[in-house]
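Written out below as structure tokens is the structure these notes cover.
Going in written order, the chains are labelled A, B and C, and every chain counts its residues from 1.
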Amino acid sequence: MANEKTIWEKLQAIDRRVLYTLLMVIATVSLFFKVNVPTKPGQPTKDLYRLLVDDEALPEGSTVILQSDWTQSTRGESAGQMEALLRILMRRNIKFALLSVADPQAPLVARNVIRAINLERKAKNQREYQVWEDYVNLGYFPNAEGTSNAIAANFKTAVAGRKETPPGSATPLDVFQSPVLSKVSKVEDVPVYINVTGSKTSNILIERLGGRVPFAALVTGVMGPETLNYYQSGQVKGVAIGLNGVAEMESLMEKGLVETGKPEVKSFAGETNYGRGMAYYLALHTCLVLMIVAVVVGNVAMVAARKKK
Amino acid sequence: MIPWLAQAPAAPALNMWNAPAGTPEIWMKVGIAMLAGFGLLAALIAAPTRLRRPISGAFIFLAGLFWVLVFLFPKPIDSQTPHEQRPRGFVQDVSFWLADAIPVVSNFSNILTAFILGLGVFSLVRIHLMRVAKKQNDWPFSVVLLVSMVAMATFGYWDWKTRLDLGGAKVDEAWPLAAYGKDLLFDGMLQVMEAAMFSLIAFFILSAAYRAFRIRSVEATILLCAALIAMLNLMGAVVVTWDGMIESFGKDNAFVMNFTLSSVAGFIRDNLQTPGIRAIDFGIGLGALAMGLRLWLSLERVGGN
Amino acid sequence: MQSESYPIIKLFVGVACTVGLYSVLYRETKFYRFFEHMFLGLAAGWAMFALWGETLKSTWWDRMVGSVADEGNPAVPGYWAWALLLPIGVMAYFVVSKKHNWISRIPIGIILGLWSGQQVQVWFTRYGPQMQSSMKPLFPTTWSEFITPLQPEAGAVYPAQVIGNLIFLLTLLSAMSYFLFSFETKSKLFNGMTTWGRWLLMIGFGAIFGSTVMTRFTLMIDRMYFVFIEFFQQGLIPLIGGR
């Protein structure tokens, strides 16, 4: 028949539902294989790990500001980043003040991850992180630009009025009475400002903090290339980008970091290091292969169909 | 120091700008302030048409002027210095005043943004209530939306109040009805649906790339090759295998090591991708700066009539 | 104590919601629209609560009315001037008034004014270090080796690095010229630069595309993990007696 499509034309017009099903099946099947895929951490992730684990950069027991600006909409990447970050902070007894500027849902989402990591620690008979003693919630600030500017200018007054209920008490107290923030009044008093974000809040912080404090960012893949720009100019000291960044961090936590000309950074071997990052990493590989194959098939079919004509 | 908005380093003594909590005095002062504010609103409603643009322009200019002054005015020696130990003089006083005012202005913008964000919810409720009242097309879905909204707000507030009254630890131990309701609606439904909604894009991106990512021009070919290298570099197994293969040719040879996937991707990232994105960023920055100046000086129309 | 059956009920509800929204991949149906509206309602409801509970209560209300002394907390007087923000906030709601909607421009304009006033400061803190880091050495400081060795000498600039820096600068300038000189020009140099700029920008866009694909696929993988691992494998199968 004259109008019958050739194989090359058919290959250029695969039904979208076939592609959707293929993607879903490939991702699901890959998830059932528990494989620790090898990684070769990039320099941005290595620098982040050094910043978080090296005692000179972040002394054990000190306080950091942790700005959590993600919700379940980026759980795939941000939850893995937050979990890896919290595991490191808790193992090093680093206190943290938690705040959010991106979304009203973000504070509770962050608290849920803290609860999950605490349960993991409880199951291993490790000390659970206590609100007030080890961390405080500063809450949600709807205006990211104004809040970041105020934090840079005067942290204490920027978050003044925020309260937290200590364990065993029914009365919320001012967060600056807590052991977490008792020695912090300006942003320069913390060794590192960390932002886990599913949006552009890392850019807002870079603009407003203006190098007052070492800044580390854990961003989604969408924000990755732009954030690398700031990493190269030294405005961000360490970056983990997307799922690849999570897998690299987990790998560094397991194996430690050895770099020429720099002091060795310890590992956390023997602990739960491989988490969400490694659980999804194989599936990411197979899905990316599907994407590459789909694009190659579309192009080969186009060229072949043209030649035939 | 700004005594009238509680931004002094230590709480000042009682004065005309404040009143003890829980007393009739504070409620009376708050009431008068609100009356004055709503009086201003009434005056604005009565304002003649020709004054509308200058009035809104003045608010925008004054709001922007603060940050411009913060940037241009000399910085104070240390804004943490106790008030009584600060050096005196006009320049120092103004710079300390500006530094002290930053958190006030920030709070101001947070509160105002919160009120404005409420506008989104207000519009949503208004549209869907009207749809239900007029029994418009698909009105039962509007009922679903309104019921979900009321349920979430109710359980959210109830749980928050319970946690404030009893303490979070006790609520997590006892799990009252409020905790179940909030947890199921927020964690069990809202969060899951948000994740599902955003994950749908994966399917569309695959389908769109398969259909549209064709090497029809130089630009498309470069884009495709760059994307391919970026995607390969995101696969740890591919990077380790490729780099291992290259290392087997000469681990100590600097020239050979340039051909590892991480080196190639790193070279593209550092010397081609970053400056390209930086150029885009510079362009966006210049645009934002120009737009900022136009808005601040009311050269840009902000919408409406 | 939380009920033992609650976690699986919660997972089941979550899976039903996921399936409901994923049904749009087949076609937009009433089933999908039910879940879509439920999602919007829940998000709006949470915003309603969070704006009060997470923000206005502590940043506005408590400052305005103060607090009395209780266990561990000193008395804090209320500052009535914060009350003036309510009428300003209410002005935003005049957007629905046909006659007075210009009033809504005031609070929105204040936020825009605050944003625009920050742009000068922001521009320098954001782009200053980037401009500085773009000034890369264009002359080698050593000719001992052409290719950068695996253990480079501290502070030395090798010829291969210079080539990389030149490519960096060429990319930056040509991509910028593509943006800044987007009008028609007869200069062959500018035309050539903008063409190069367009091609080199494609490399950046390619990298952005690759990275974006990673994010989108990860979000989808996460949902599959939720449905098949968290619900089926870890929730349902142990419940019905499987391993």
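The definition used in the following text is that contacts are C-beta pairs under 8 Å (C-beta built on N, C-alpha and C of every residue); 3 or more make two chains touch, one makes a residue touch a chain.
As the structure is a prediction and not an experimental result, all values here were calculated from the model.
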Next on the checklist: Which chain has its C-alpha centroid farthest away from the centroid of chain C?
Outcome noted: A
Next on the checklist: Closest chain to the overall C-alpha centroid, by per-chain C-alpha centroid: which is it?
Outcome noted: C
Item to check | Busiest interface, counted in C-beta pairs | outcome: B-C
Item to check | Separation of mean Cα positions, chain B and chain A [Å, integer] | outcome: 18
Next on the checklist: Centroid of chain B to centroid of chain C, CA atoms only: how many Å?
Outcome noted: 8
Item to check | Inter-centroid spacing, chain C versus chain A (mean Cα positions, whole Å) | outcome: 13
Checklist entry - chain C: which residues touch two or more other chains? => result 25, 46-47, 50-51, 55, 59, 63, 111, 114-115, 118, 122, 126, 130, 134, 204, 207-208, 211-214, 217, 219-220, 222-223
Checklist entry - Which residues does chain B have that touch at least 2 chains other than itself? => result 67, 105, 107-110, 112-114, 117, 186-187, 190, 192, 194-195, 197-199, 202-203, 209, 224, 228, 231, 234, 269-270, 273-274, 277-278, 281
Checklist entry - What are the residues of chain A that contact at least two other chains? => result 20, 23, 73-76, 105, 141-143, 145-146, 149, 169, 172, 221, 225, 229, 232, 242, 244, 284, 287-288, 291
Item to check | Contact set on chain B toward chain A in their complex | outcome: 7, 67, 79-80, 99-100, 102-103, 105-110, 112-114, 117, 163-169, 186-187, 190-192, 194-195, 197-199, 202-203, 206-207, 209-211, 213-215, 224, 228, 231, 234-240, 243, 262, 266, 269-270, 273-274, 277-278, 281
Item to check | Touch list for chain A against partner chain B, complex | outcome: 14, 16, 19-20, 23, 37-40, 42-43, 71-76, 105, 108-109, 112, 131, 141-143, 145-147, 149-150, 153-154, 157-158, 160, 165, 167-170, 172, 185-186, 221, 225-226, 228-229, 232, 242, 244, 247-248, 251, 281, 284-285, 287-292, 294-295, 297-299, 302
Next on the checklist: Help me check something: in the complex, which residues belonging to chain A touch chain C?
Outcome noted: 17, 20, 23-24, 27-28, 30-32, 73-77, 79, 104-105, 107, 139-143, 145-146, 149, 161-163, 169, 171-174, 177, 203, 206-208, 210-211, 220-222, 224-225, 229-230, 232-235, 241-244, 260, 279-280, 283-284, 287-288, 291
Next on the checklist: Can you tell me which positions in chain C touch chain A when the two form their complex?
Outcome noted: 25-26, 46-47, 50-51, 54-55, 58-59, 62-63, 70-73, 111, 114-115, 118, 122, 125-126, 129-130, 132-134, 151, 204, 207-208, 211-215, 217-225, 228-229, 233
